[in-house]
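To keep things simple, chains are lettered A, B, C, D, E and F as they appear, and every chain counts its residues starting from 1.
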């Protein structure tokens, strides 16, 4: 029974995230999509909204569980008895950041492995912040997010403008 | 039943390779360590020698199978019905190369995923060529390879000087 | 009739920017230097000041037009019927950022191309923020900006300290 | 009248090259696709074959001229009175190499500019060598090259195996 | 008599910093560890606390002098008649940043050289911010800082939570 | 008495090398410029020619000693009782390579430090191979090498064409 964790801010979930989740879910028995509650940052979406949107995008994947966590990822991984943390990499900047985090996490929990997959080329330019920026400026972001959540997302973002 | 492949030249196997194998073997049910037979390159070790050395280093890992393959990795992966190719990354140069290969392999076999893990920091400077270079120049390479194969390796390299 | 756009914050214009403008202006019929008005950021200079300074630096280039824009660059490009966005690259960090932006802009406006030129080596360390930082700390920034605007700039920055 | 040069080995031309040519041809009046004859390297295709294949792929672009050149690119550019050299960039490795070449070329011919465009994400994994490697190993490379030259190319490569 | 400067925020000093100081101190006659007082940033520790902690970690190195400075590093270097600025590099991101700073500093003070050493691999994931983040979330950071200051540090951080 | 080593192939010495030597010589008491004799590579210049050219370029620097060495750099450093190896870095590719070498050298000789300085921006595009390539193709390389050795170099290269 292999357990993997895909942690993130998901502010909001994009097609880039969704692609990593779908690919990761095939490689393990249970994949926890873990929304980080960071009380010092000011996300655009509430944790409840984030979880609701992720659940809507991943409802067809039976081995995906959506949760939130706070504190150290290494501790959350211990609690879930996880084998690996999953991360998507879009470019060398991402690689350097994730490399560093994986080294820190292993120091904090020597049982946890971090595995990387590369973003699909055509999705590599998508990030939560680019979704929000383009939405705020009235651009078309329908190609960046799941079509089931597009309207809800549009609504959320407009309300926060 | 998840099947992963760890392909390479292993000319010869180093502690860096061994570390990736040990970590990968924990994340899947069967890990094929697949030695590429490339008839146009001129390796220092024969395929038989390479396999013998890898077997000696991995004999304590029951779910590791050592094999050789020729032709396209994507075809070998299909034949093994593999879920993923495993690769270790030491630096951004490695990352760029592996990123590219993973994109090519997915184009050739859309079922195959490539997963990456980062080299352990203290092993990141080890490569098969640095082992051979240092051995050839009479330097100490005992910290770069498995102690069980160190003497055999020394012998092989001396014979080929 | 080829139309290019060189967008930026220009807070303030540096010799690095000026060099890119001069080189870009030779490669197209009209080059719009487009100052982004971003109401959520807090620039050091007002849009009017920025435009005034750029005009002073580019007055000898007849095919350079200085304007401001707000909203999406892709929309501004459509409005100008532009063929290309021009960007200067100083290092691999810049490259990664610009690569990503060019992919986003093409998704938002499939007619727009992004072309890059490399910063001149001796200008590559200049940025608007380094100009302001050095000026604020009383260092010599005369080698970083156009001599015609140096005093005006010094004055502006001192007033804002 | 702007004249650009797109130099390369084109051993053979790929869909990646073709994409850069098509995008470059829209940004200038005449685009020279310039095949480098390098007598010290041993290309898979002859210069005549390379030119024939490029012509077949670019026949629908009226402002594209296919030629070969030897010697320094900076001299060839002078001879053509070219405004710019065009290069495609696939990743940061490419960027570093091209950055360096552009600096050298400007030193050799101060009138020549080098402009870069980024490879389309889904074409970024294609190179002449990966085409040849995959072809040699019997893999499907039809997605990597122009369909009009695919059979000719297959034939050429088989003959050279 | 060679004089080097190791500047930084040291908010707080980590084992990574300490390692660079120890290595740098062997390469020059006097090494100034220079704490930047930046009044626009809001550090976690006061300058006095930072200096106290650094002194405690470096008391066994007779040629290390701990000081604070404000203003331009290039001016401070002039004042100390320093030969070189010392910087540690952990990854390519650090390299790019430091490369740029060294170019700026040479422009501001042509007598000052910047020399780099690479972080020890096992310390490369340590930064002042990761120390504070992990401490704040209750994780074990004893492996990231000097054991003599660990308790004091823990105390400081807890008080600031 | 600090002793540093600047190792390389110097095939031939360029203004880039010369700049690093001049800067390094100011930071130590004795700088050994150490020409690697690598019997498996086929350099353009003989070791004697290389040494002669370097001596001509560095004769005005009294604390520079030109020598050749073979075998491991770590062993040569031990023999000279050197404190540091000096290396110049031109770009992130160089940085990654040198980072790796410094880690290997420390493993082979724990007393040896590697220090880096960044290439001067306007010299960063110069390498021994670009000198030879441009010279071979009849381009002007007078800006790439010391004017005292330019004619000698031209002569050597022509003879080897």
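Just so it is clear, a residue touches a chain if its C-beta (ideal position, glycine included) is under 8 Å from a C-beta of that chain, and two chains touch if they have at least 3 such contacts.
Remember, it's a predicted structure, so these values are computed and weren't measured experimentally.
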Quiz item: Where the contacts of chain B and chain C overlap, which chains show up?
Solution: A, D, E, F
Practice problem: Work out which chains are contact partners of both chain C and chain E. | Solution: A, F
Self-check item: Cα-superposition angle relating the copies chain D and chain B, to nearest 5°
Solution: 120
Practice problem: Determine, using the mean of C-alpha atoms as each chain's centre, which chain is farthest from chain C. | Solution: B
Practice problem: Average the CA atoms of each chain to get its centre, and name the chain whose centre is farthest from that of chain A. | Solution: F
Quiz item: Between chain D and chain E, what is the gap in Å from one C-alpha centre to the other?
Solution: 48
Quiz item: Approximately how many whole Å separate the CA-defined centres of chain B and chain F?
Solution: 34
Exercise. Return the distance between the CA-based centres of chain C and chain F, expressed in whole Å.
Key: 39
Quiz item: Considering chain E alone, which of its residues make contact with at least two other chains?
Solution: 92-93, 96, 99, 103, 121, 124-125
Quiz item: Among all the chains shown, which pairs meet the touch rule set out at the top?
Solution: A-B, A-C, A-D, A-E, B-D, B-E, B-F, C-D, C-E, C-F, D-F, E-F
Self-check item: chain D partner contacts - residues on chain B that touch it in the complex
Solution: 71-72, 74-75, 92-93, 96, 99-100, 103-104, 107-108
Quiz prompt | Complex interface listing, chain F residues touching chain C | solution = 92, 121-122, 124-125
Quiz prompt | In the complex, chain E residues that touch chain F | solution = 2, 23, 26-28, 83-84, 89, 92, 95-96, 99, 102-103, 113-118, 121
Self-check item: List of chain E residues in touch with chain A within their complex
Solution: 90-93, 124-125, 130, 134, 137-140, 143
